[in-house]
Amino acid sequence: MSIQSTISIKNTTKIFNQGSSNEVVALKDINLEIKPHEFVSLIGPSGCGKSTLLRLVADLIVPTVGEITVNGKSARRARVEQDYGFVFQAATLYDWRTVTKNVQLPLELMGYSREERKHKAQEMLELVELGDFGNHYPWQLSGGMQQRVSIARSLAFDPPILLMDEPFGALDEMTRERMNLELQNIWDRTDTTILFVTHSIPEAVFLSSRVVMLSPRPGRIAEIVDVDLPMPRINEAREDPHYFELVNHLRDTLRKIEGEDG
Amino acid sequence: MRESSSAAGRKFIRQTFSLILILTMIAVVWEGVKLIGGDPWWPDSNPFGLEYKPPFRWKFASDLNLPHLWDIFGTFSQPARRNGPPLIEILVSAAFFTFREAVVGFAGGTLLGLSLGTLFAHIKIMEKGCMPYVVASQTVPILAIAPMVIIWLRAGWVSVAVISAYLTFFPVTINTLRGLQSPDPLAVDLLESYAASKWQILWKLRFPAALPYIFTALKVSATASIVGAIIGELPSGIRDGLGGAILNFNQYYISGPGRLWATILISAAVGILFFILIALAEWLVLRKRFRPVETV
Amino acid sequence: MNFRRFWSDYAPAVILFVAVIAIWEGAVILFAIERFILPAPSAIWSNFVENFDRLVGIGWFTTKEALGGFFIGCTLGIGTALATARWLTVREALMPFAIAANSVPILAFAPIVNNWFGVDNPVSKMVIVAVIIFFPMMINTVRGLTLVDPAALELMRSYAASEFEILFKLRIPNALPYVFSGFKVAASLSMIGAVVSEFFGGNRQALGVFITQEAALFRFENSWSAIIIACFVGITFYLVILGIERISIPWHVSFREK
């Protein structure tokens, strides 16, 4: 192997409620290597275990079988050493903290000084174009703004990896497209590696360098598609014929998977 | 993730077990304190002149202030008066007497609360005019008015039931109103789009949605109505209930502290029993809503 | 605008209050109800003004008992909840006991506690108030510490936060609204508890004793005047808690502008 993988998932299986009557095999024999500064999307029908895979990488849950390394360390050590930032589907901001205090939360836990925290939080809020909203409370912002705060929070400590679990799932189409552009922009300007869960094929194709399609029950990798559209992607990429080709191809695969399943 | 039914069963067994454990611990600490700092103790029939002398003598642990548990439970079988029935008989009939006052008051208060809550939910001006009182009354020592209510009504146990009803109706009113208002406005819109009448909306949507709220209030009220009945008996001169028994045995505390403790134990049991009854009713009515769902 | 909203919110309540007082006064005059059955509001008021100094003294005595019990009960309740917050098993074991104990008529213990500390000793009332308050306070705090959004906990796990950090940065802030609703319940209960535990005997210069004795002698104006004091203290206590809540948790749902 010439380049070391940033995220390496080997022979990984996850079984929930093992041994009990409601046992579920969520993932079976997953093998996936993600190289530095890749943008990989996980996609598939609901219940295919894409969120489970992301949580395994984040060490929020532990695999039943298999080995996952992140930045060359165990997933657990990577979590403890804060190698990744995690963006949840809901913004998960703390009600009792102002926007800037929410962004500072991971920095507080990692022992940054007050000055550094303030500076860093402001910088991140400006990155997501919310520089003027630092003293607002989360509930005073719209859903899209809240999710941007949550992204700012995950970027605040410059993690080399971003794990994102359907971060734009709850947003309206317009906001979602704008957020896609912003995320592209952030990824382009930094050397962050991103693992991104979504249920939108166009979103996955637009954002990623690779799309991983999972099939459900038990979750397995059905297909991996390289997205060879030019970088950085701007709105025009959505009109590229090759973009449509890829989207249509993935749709067909998805339909086939769902056909087998149903 | 919901719990499966077997997990819920295990939890119930675990909790029952730990409840017994806590009660045992309290008993052990109680007697432990008596052992270290209580009064000297000797067996009832004592041919060898045995006597246990604790190393310390704490005032609060004396036989007067903290009787031995066996002395408290022992009083149940002894007559409270010479040649009278055993104490347990007196206390059980007192408990029934107080329970009846509480239940009658509880039923009346619940009916009133349900009607007021429903009325407030439908007539805005009533809610605005009356709700502040319902809320403010919770900050007012209602029980403090008890002596006067009892003296006015001069109606024996019925006036005590009025106190219980008074304590019951406030929480029920508030939670009925809150519960009836709890359904999503969209769900109301949906029914209205089917041209459902106000009554239909009330029965098919609002009332079922309000049930959990109402049961929460009923559980609070169950305890409150027992407290109300016991306190109401104090100034009423009624001597047939638990409140009367407490006053009575309090007067003779020096000669037999165990009897007051026994009375209080029975009062506690009545409170818990009423609460459990309501909780059981809640479970019967609402159990279908908590059917465990299997999810990943 | 603001005045208008204020008016539409509070006018019905004010009108009702005035109406009740007027009907009460009118009924007493019209039916010539004897003052030893039901005194007129005006008679109660003049009695209240006349005996104001004495009533304040009596009220203060009971208020001190309520406050003492409030602080002891809240401290112990929150303390127990915090101490057990980390251990799920301990909490699970304690909760059914606390709920059962909460449905016990604790006021029935007043005569025993009177015997322990002395009938005239304010401590005996404080202890009863503290025990009454302990259980709702503990139950509320435990709920606040444990009913945490699972996603919020997952976030903390993704930061590899310690139990201690989770407690201070997540569980305690999350519990504050629950603790305050506990305080509000406790504020009302403490005044009621203090007055009613005095029904079982206590210092002559205390509200509960005063109310029962004057009522037994059919001097209802005196009892009513004492009740006015009790209401006043109860409402003030409640409002003070409400004010502190507003300052401490301005972010909470209940204070968001519509």
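A, B and C label the chains in the order they appear, each numbered from 1.
Methods note: a residue touches a chain if its C-beta (ideal position, glycine included) is under 8 Å from a C-beta of that chain, and two chains touch if they have at least 3 such contacts.
As the structure is a prediction and not an experimental result, all values here were calculated from the model.
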**Message:** Going only through chains that touch each other, how many steps at minimum separate chain A from chain C?
**Reply:** 1
**Asked** Taking each chain's centre as the mean of its Cα atoms, which chain lies farthest from chain B?
**Response** A
**Item:** Distance from chain C to chain A - Cα centre to Cα centre, in angstrom
**Value:** 49
**Fill in**
For the pair chain B and chain C, the C-alpha centroid-to-centroid distance in angstrom is 18
**Chain centre separation (chain A, chain B; CA means) in Å** = 52
**Complete:** chain C residues touching chain B in their complex are 8-10, 12-13, 15-17, 37-38, 89, 92-97, 99-100, 102-105, 107-109, 111-112, 115-116, 187-188, 191-192, 195-196, 199-200, 207-208, 211-212, 215-216, 218, 220, 223-224, 226-227, 230-231, 234-235, 237-238
**Item:** Touching residues (chain side chain B, partner chain C) in the complex
**Value:** 11, 14-16, 18-19, 21-23, 60, 64-65, 125, 128-133, 136, 138-145, 147-148, 151-152, 219, 222-223, 226-227, 230-231, 234-235, 242, 246-247, 250, 253, 257, 260-261, 263-264, 267-268, 270-272, 274-275
**Item:** Of all residues in chain A, those that touch chain C in their complex
**Value:** 58, 60, 79-82, 84-86, 88, 90, 92, 94-97, 105-106, 108-110, 137, 139
**Item:** Partner chain A, residues of chain C touching it in the complex
**Value:** 149, 151-152, 154-155, 157-161, 165, 169-170, 173-174, 176, 249, 251-253, 256
